[in-house]
Amino acid sequence: MTTPIIQMKNIEKHFGSVIALAGVSVDVIPGECHCLLGDNGAGKSTFIKTMSGVHQPTAGEILFEGRPMHFHDPRDAMAAGIATVHQHLAMIPLMSVARNFFMGNEPVKKIAGISFFDRKLADDITMSEMQKMGINLRGPDQAVGTLSGGERQTVAIARAVHFGAKVLILDEPTSALGVRQTSNVLATIDKVRKQGVAVVFITHNVRHAMAVGDRFTVLNRGQTLGTAKRGEITPEELQDLMAGGQELATLEGSLGGTV
Amino acid sequence: MTTPIIQMKNIEKHFGSVIALAGVSVDVIPGECHCLLGDNGAGKSTFIKTMSGVHQPTAGEILFEGRPMHFHDPRDAMAAGIATVHQHLAMIPLMSVARNFFMGNEPVKKIAGISFFDRKLADDITMSEMQKMGINLRGPDQAVGTLSGGERQTVAIARAVHFGAKVLILDEPTSALGVRQTSNVLATIDKVRKQGVAVVFITHNVRHAMAVGDRFTVLNRGQTLGTAKRGEITPEELQDLMAGGQELATLEGSLGGTV
Amino acid sequence: DDLTYILVSHAPDSDTWWNTIKNGIALAGDQVGVSVEYRNPPTGDIADMARIIEQAAASSPDGIITTLADFDVLQGPITAAVDQGIDVIIMNTGTPEQAREVGALMYVGQPEYDAGFAAGQRAAGEGVTKFLCVNHAIQQPTVGERCRGYADGLGIELGDAMMDSGTDPAEIKNKVLAYLSANPDVDGILTLGPVSADPTIAALQENGMAGDIHFGTFDLGEEIVKGIKDGTINWGIDQQPFLQAYMPVVILANWDRYGVLPGNNINSGPGFVTKDGLAKVEEFAGEFR
Amino acid sequence: MAVTDTKDERIKETSRFRQALIRPELGGIVGTVAVFTFFLLFAFDSGMFAAQGVMNWGIVSAQFMIIAVGACLLMIAGEFDLSVGSMIGFAGMMIAVFGVVLAWPMWMAIIITFVICLMIGALNGFIVIRTGLPSFIVTLAFLFILRGFTIYIPQTLESKTIIGGIRDAAEGDWLAPIFGGKIGAPIFQWLGDAGIIGVFERGNRMGEPVVDGIPMMMIWALILIVFGHVLLTRTRFGNWIYASGGDAESARNSGVPVNQVKISMFMFTAFCATVFAVCQVMEFGSAGADRGLLKEFEAIIAVVIGGALLTGGYGSVLGAALGALIFGVVQQGLFFAGVESSLFRVFLGIILLGAVVLNTYIRRVITGER
Amino acid sequence: MAVTDTKDERIKETSRFRQALIRPELGGIVGTVAVFTFFLLFAFDSGMFAAQGVMNWGIVSAQFMIIAVGACLLMIAGEFDLSVGSMIGFAGMMIAVFGVVLAWPMWMAIIITFVICLMIGALNGFIVIRTGLPSFIVTLAFLFILRGFTIYIPQTLESKTIIGGIRDAAEGDWLAPIFGGKIGAPIFQWLGDAGIIGVFERGNRMGEPVVDGIPMMMIWALILIVFGHVLLTRTRFGNWIYASGGDAESARNSGVPVNQVKISMFMFTAFCATVFAVCQVMEFGSAGADRGLLKEFEAIIAVVIGGALLTGGYGSVLGAALGALIFGVVQQGLFFAGVESSLFRVFLGIILLGAVVLNTYIRRVITGER
């Protein structure tokens, strides 16, 4: 087993009077897909936001490649090779796909000593990356607002894959997607994992998690219920863990056990 | 079999140059849960919006209890006993739970001939309905903005159940929910169906659909691929229908067949 | 004794001309040994000014000095103040008759219309036949009276000769240029104060008509004085705002202290300032002139 | 069915007292107390708190209140109106044109003016609704258009920008006193006779009390505040106003007739502006092209000081009324306190900033963001 | 991997030509063409299109352009600044205070003024960022605060509110001509001599060409437009401006330093306002407390006519420049055409409405809503 690229140790995060995270520890390992599961409000998004530099933890330590790391803003995390697809997409509808794709990471070329945004390069990369994900754009300057929800999601993932040199974080990328788009995303996760990238994958769907996950961490009310490796846990156990126990049994009975 | 309460016949809906619905027909029957499935952008939301009076169809006919019906706005549909939980929740964060609960349906009492909003009644009903759904509010005037996403979803559903005298439409109510909240919602669907209400349930999740659905209609690119009854179709067939065929087979193989 | 007088004007904060007034009462206050205050409606809204007069009355000063920018509006509050036992002197705008009607002690100033009329008559004598009146405060009714008076003095219709110029100097300058090039037969210009006069001077210098076209202006200021000196401006109508502010304070103080009062109204203008005798004007333009 | 815990262990406790205190009007209440404390300390003996002084800042505040109520409801409904000031000028001018220039009976002039102004308000709203443009732009256009007409019309008709003689024209009219009159004269006469308030010492009103009645403007302010408050908090329409401003799309989906709500609030704002204008011309007897300049900002400022959210969906009429009171007291109070008048704006800016920062804090507490 | 179809059968065809036409500046281009056509037809022989006439509306448009560029970038970054007008007055007054009252060398006065104004701009931005308040409120407060100081400071120091003598004080200064001078005099002399442009036929400048140089204000307008356009469309910072205005939260999550972007745009707006002010005082030689009134609205109007979205994230500097051109041409053109000048406001309002409706339509086409 390779050493973890990111180690999150006893992360706490408070928002005013709300304690969103009460000490969560997770390791992320290159070439593995780490699934984060948990009910609504468990703190999954908050947790990965501390990982990607959006929030600073109230307490706890982050080790990146073994060294303590303080990301002051998302740019720091990106510079370190961490790319994130946020739950509420970071796409700007009025901007073109190419501009969105490179938002915050614009390629520059120097002309007479001044840095200009290399539009040509950006357009080319965008077109080819979108092609790879199976989306044919009218052109790189098509506005994101003209794409469907699924297409936008795909742009966001393509962007993250492109910039996610070392770690790729996906926050519920599949929750609003149809079956076809979902399998597309899962296949992408599988592919980048095989390239040695560490993937953090958040979902509510145990089956999606089981499809690609190597490790599973369940969060509950800001605390971790432990991490399990693939093969150590069955989908049913995971389901139970997420739902917090027994009360579901009766329900499932009446609904045919298919929740 | 009872007669359909709503018959949608060859509904078309165009938005400018986009054809969102190209002739969709669906019947909704009291006491049954009718599941609408389909990929992103298939037109599910657009379809139920024509049913709930938000959009007027470009072409096609709506029969309500056998008579042709034109809903000019959501109020008409509500007055007819159709309640909807929209995909993008119709909740206003800055307003209290009680005000949200009764938004557009405020109870009034007459004092000196003038209609006043009956706050007391509204508060009492809200508290008890929320209690029934298992949510304990600090008070009826707690702002919706202070609730978690799952709790908001629950408020929206409770509201629809309360006002959905005859038809209850739920647009992807479970997509952002955790396991526990999901089973809660499914149980609620089951309960109101048994009370004789017609339920229209939109989802991406075949398993959720199978858990409570009596009929299944799959939409694809604005057209219906046909309706099947419970027992006539297996989850796998449904999955295939939604994804539009074979291309998934290869994928599923490499991912362990658990999508 | 500790006497307090309040001067209430109708000018918006931004109107720079009223500064001389402020200096006038301040100087008079110092010299006579009374305390003076200056108040105005921030936007020049005369209805707000009425409230300020009521407010001034409520703070029970020994006297109020105010303009009669709109007789209808101000009559009530001023009469009430007079009835309350406060001495009032009307300055600047208004007429002696109106001052008497509201019960003021006297009137110090230059009735706007009359001043405009006198200017018009003089301009007619100097050969003006078609004119442009640059009004930088179109929303203020009082200033426009000068244009009406001027037209009547010339004996021609006002028509569209009054321009709504706004207060931005570049816009005023270019509007004047545009108007003059569209109406080449204009041979007289009247500006209503430094705000419109300064850019008009620049405009005439730019299109070469400086000194060529007849140019009269109300009120004085540094640039106007220069203009008079170099011949761009034929004359400035000086209503001597300093006197309008200074005299009432002195008169009120003496009235309150010794019961003496001039027997007549004081016409502080119109006086025509021409090239002759500009030295003092130059020194104190914008401050006391 | 799963039952959520009654208590969430992840929420730190907030005291009941703090909860009770935290309401939209709080900022306004704190501000009012602060402002009065300040002037009681620094301008007590200036006559500010004598009958005449109270009437003075009272009437100025009442003026602000009238337009603030309209602006408040409109702002809660998610829009705002920059044409209020121009509307005031325009309405006054219409009354003068109909009542004086055309010499129609005053009641007719007033009614026609109300009809025209309400229609302009509706037009504002209609354009906003139909085009989906921000109300900032649409009403900015009307700010210019109405002001332009207010200058152009009298200048064309009468070649001046001020038309007087309205009081004379209104003499004996049945409708005019509802806007321009005063009530309660006997009570004030009694108060004057009893020496509780001052009386005129000379002139033709000798012996009459310095304050001889409550101007109708104050009554209108009171009526509008009560009406607005009841409408907002006690009726279903009030709920719709909140909903329309909170999230128009959601409200529409829930069956709230958002378009009608917004248009009627634009009309209500126009109504308030017209009431203001009519009261003003009836009291002062003339209409001028300069009336109402910048009043739109003053209304918005009062509303915002009173705790409403510029982006809609949140606020209270009582708060707006307190905001107007603060505004009026500060404006007149600075005169009483003898502060250099150009500094008034500086104070206003600082108070505005302070008030919104406080209000934001309060709102965050309410919505649980903090 | 699933491949979406190249063509979506559910999208009706839109022609390539229509696609190419549809861009943010389109409204501005259409408006410009319309306005010029109109005046060519109705005011051709009024001198509006002779050298002098062109210079006339050219310089007024240039003025609008200078502030419009700042307002445009700020608006695209999602904020706006109502204190621009007051800033113009304030900056001019600062120059007068430092350069004339305190008699510092003019270059020093100019530089210090720039520093102060940029700091005020930064403060505006800082407050907006830190408190999360809408910029409408924060800059409204500064509108009042700056104007208050602009009146108060000279009043206290010099007991006047208009300070002249700046041109004399700037005599021989190295920095001042960059703002107040004219360039290209020899060329215009040659053009005049060659009879290509008119020469004065009477007065004290007989024989000189009617236009004797390009004022620096125009050069500044040009520089700022080019700078703004290149910054916005050709640099990474430009992308950040769009992103910050389109959705600050998303942009922040994607690593765009939104706070810095917004603050620097507030500073850039202040910079443009200061350039405006310095050019103005250098040309007219005096600073007055009333300078810049309502300029904030004029800037916003020009930008909105030019196709920018009031809510941010969309717009173009070229569009804003065209908006300013339309504004300037209409304003001056009405004088050439001999239209009653108080109707200018009415026209302005109508043009504004027409322009935004057109722009909204164009934008909907771009974003595919229609």
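For reference, chains read A, B, C, D and E in written order, and residue numbers begin at 1 within each chain.
Throughout what follows, a contact is a pair of C-beta atoms (placed from the backbone, for glycine too) under 8 Å apart; a residue touches a chain by one contact, two chains touch by 3 or more.
These figures come from a predicted structure and were not determined experimentally.
Peer 1: Going by the touch criterion stated earlier, list every chain that contacts subunit C and also contacts subunit D.
Peer 2: Joint contacts, listed by label: E.
Peer 1: Taking each chain's centre as the mean of its Cα atoms, which chain lies farthest from subunit A?
Peer 2: Relative to subunit A, the chain with the farthest C-alpha centre is C.
Peer 1: Counting C-beta pairs in contact, which comes out ahead: B-D or C-E?
Peer 2: Spelling it out, more C-beta pairs touch across C-E than across the other pair.
Peer 1: Find the geometric centre of each of subunit A and subunit C from their Cα atoms only, then give the gap between the two centres in Å, rounded to an integer.
Peer 2: So the centre of subunit A lies 72 Å away from the centre of subunit C.
Peer 1: Where the centres are mean C-alpha positions, what is the separation of subunit A from subunit D, in Å?
Peer 2: 50
Peer 1: Please tell me the distance, in whole Å, between the geometric centres of subunit A and subunit B computed from their C-alpha atoms.
Peer 2: The answer is 29 Å.
Peer 1: Where in subunit D do residues touch two or more of the other chains?
Peer 2: Residue numbers touching two or more other chains: 1-2, 147, 151, 155, 342, 344-345, 368-369.
Peer 1: Give the residues of subunit B that touch two or more other chains, as numbers and ranges in rising order.
Peer 2: 180-181, 183, 187, 247, 251
Peer 1: Can you list every residue of subunit C that touches 2 or more other chains, as numbers and ranges?
Peer 2: As it turns out, subunit C has residues touching two or more other chains at 13, 138, 162, 164.
Peer 1: Show which residues of subunit E lie in contact with subunit D when the two form their complex.
Peer 2: Residues in contact with subunit D: 127, 131-134, 136-138, 140-145, 147-149, 151-152, 155, 297, 300-301, 304, 310-311, 340, 342-350, 352-353, 356-357, 360.
Peer 1: Which residues of subunit B touch subunit D once you look at their complex with the stated criterion?
Peer 2: Within the complex, subunit B contacts subunit D at residues 52, 54, 73-75, 77-78, 84, 86, 88-95, 99, 102-106, 108, 115-117, 119, 133-136, 143, 145-146, 151, 180-181, 183-184, 187.
Peer 1: Of all residues in subunit E, which touch subunit C in the complex?
Peer 2: 43, 46-48, 50, 52-53, 56-57, 59-60, 63, 147, 151, 155, 158-162, 164-165, 200, 202-206, 208, 210, 217, 280, 283-286, 288-293, 295, 331-332, 335-338, 340-342, 344
Peer 1: Can you tell me which positions in subunit A touch subunit B when the two form their complex?
Peer 2: 38-42, 148-150, 172, 175-183, 186-187, 190, 204-208, 210-212, 239, 242-244, 247-248, 251-252, 254-256, 258-259
Peer 1: State the interface residues of subunit D toward subunit B in the complex, per the touch definition above.
Peer 2: 1-6, 234-236, 238-240, 242-243, 246-247, 249-257, 309, 313-314, 366-369
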